[in-house]
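Letters are used for the chains, namely A, B, C and D, taken in the order the chains are written, and counting of residues starts over at 1 for each.
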Amino acid sequence: MEAHLNMTGWVGTEVETRVTRAGQTTASFRLACTPRARRAGGEWGDLETSWLTVTCYRSLADNVRASVAKGDPVVVVGRLRTQAWVDADGQRQDRQVLEATAVGHDLTRGTAVFSRTERTVAEEEPDETLRDLILSVEADQASAPAPA
Amino acid sequence: MEAHLNMTGWVGTEVETRVTRAGQTTASFRLACTPRARRAGGEWGDLETSWLTVTCYRSLADNVRASVAKGDPVVVVGRLRTQAWVDADGQRQDRQVLEATAVGHDLTRGTAVFSRTERTVAEEEPDETLRDLILSVEADQASAPAPA
Amino acid sequence: MEAHLNMTGWVGTEVETRVTRAGQTTASFRLACTPRARRAGGEWGDLETSWLTVTCYRSLADNVRASVAKGDPVVVVGRLRTQAWVDADGQRQDRQVLEATAVGHDLTRGTAVFSRTERTVAEEEPDETLRDLILSVEADQASAPAPA
Amino acid sequence: MEAHLNMTGWVGTEVETRVTRAGQTTASFRLACTPRARRAGGEWGDLETSWLTVTCYRSLADNVRASVAKGDPVVVVGRLRTQAWVDADGQRQDRQVLEATAVGHDLTRGTAVFSRTERTVAEEEPDETLRDLILSVEADQASAPAPA
């Protein structure tokens, strides 16, 4: 079972970063997507805007923090995931998050100068490390104020 | 801009159908997705389950109602969209929905006997009709109780 | 790195099955996809048809063989992969294949009666077994006539 | 019907650009994708590399030419399409192409400095213009040597 999502849109907030208890960097931002569709008469129009929180881990988090600003057009690939936590009133809350496996500036809308960074071997071994990360993120969130 | 999502999982509720003011059928159900990943030791384990509401329009709504039951494994393709409405307390609410363009029983988990139905010409012209549909759905929702 | 593909279309051939040297069933068929797009005047038209070979393994192969016929509309999710082999003339050949992780009848175009089958534990552990399967398939193909 | 593909990988060739008879720029490059998977013992390994030709139109073509070099890691979103032509011997040939709707440098592997460019209104109206473009590209290819 999988929930595979790719999304193009505009970065609608500043990139927020945090360091989990396990010492890992995470970065997140809100992504706005306004699809266009052709109407019956043949002209184009905007559909309603959708918003989703994008979360990045490890080297992707570091590079997104260094490269992405509010207002940038981006393309994001990853998996959709429901994050759940208990808020200060003891109520269960959840939200949908796009856990990114890749993020890039959308070159339909501009140009980019790219600089490669070194990756450690651990970067190539995503799943169980990522899971540990996620669990520590959730532990953080369980006692934190509800996310925006 | 687009938000393209495909998801495999289990149908976690009965299929609910409604007829909009414009006389169109919509069908919706909750989809549960529990990814598996390999851990450091090599064994497999479940990740947390994600849940998402799937919405179907027109002939897809009719055929999903006739074919899909709670507990069925399905594959769904469509776009992720944020639906927003004002609740009875005047508060703005929103939720993420997978607007399906195709739904099928997942043949990794069983067999199916398929019967083709006739489609009208209008079925082939999705976008602006779909948009009108969506707007009428939203008008319905604005005055309805908040969805589960 | 990944190549994630989902495709809706018509099954253009009978489903062909084979048993690899390792005793595993594989099933394959050709999938035809004819997108529609709106033209400048507002009317809809067909774009050119694309064709791709879809390959299924293990229980998915068994269930596709039992359920899918030429002419059926299907939705397929999986990864795109280049298969390479040496033909009878010693020339390197390659083709693109959609290795399916899920296949279902497209309920926008008809109804289905679904029956769940049992899965073995091994079915839940895809990657390295799949890899072994692929290698044995390739070993078979290397000495076989070039695929259509 | 649709064939939606997203792919992360390495640019394996220089970006080639051409101007069609209709005066439009197209850019193309070969993309190499080497998935990793965990094996039975728990260690990670590379699967075989897949290769696909990526084609870009209009402003995306211009910006890819200005921004992307051989060896860059990229994320590409678009649709898979079969291009067919008749070669110099009168034989029908075809190949699979990823028609990109978005391309970006993969920020899991480095950082980027992005500069937004202006887009014309026409850029927002993709489908039928794109179709005309494609037909003119094909007319060019029909009389050209077979693509690599």
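Convention: a residue touches a chain if its C-beta (ideal position, glycine included) is under 8 Å from a C-beta of that chain, and two chains touch if they have at least 3 such contacts.
As the structure is a computational prediction, the values presented were derived from the model and not from experiment.
Between chain B and chain D, the least number of touching-chain steps is 1.
With centres defined as mean CA coordinates, chain C is found 31 Å away from chain A. Between the Cα centres of chain A and chain D there is a gap of 24 Å. Among the residues of chain A, those touching two or more other chains are numbered 2, 4, 6, 8, 36, 38-40, 77, 101, 127. Interchain contacts join each chain to each other chain, per the touch definition above.
For chain B in complex with chain A, the residues that touch the partner chain are 1-10, 33-40, 47-52, 79-82, 84, 94, 96, 127-131, 134.
Remark: chain D residues 2, 4, 6, 38-42, 77, 101 touch chain B in the complex. On chain B, the positions that touch chain C within their shared complex are 6, 8, 36, 38, 44, 59-60, 63-64, 66-68, 72-75, 77, 101-117, 119, 123-125, 127.
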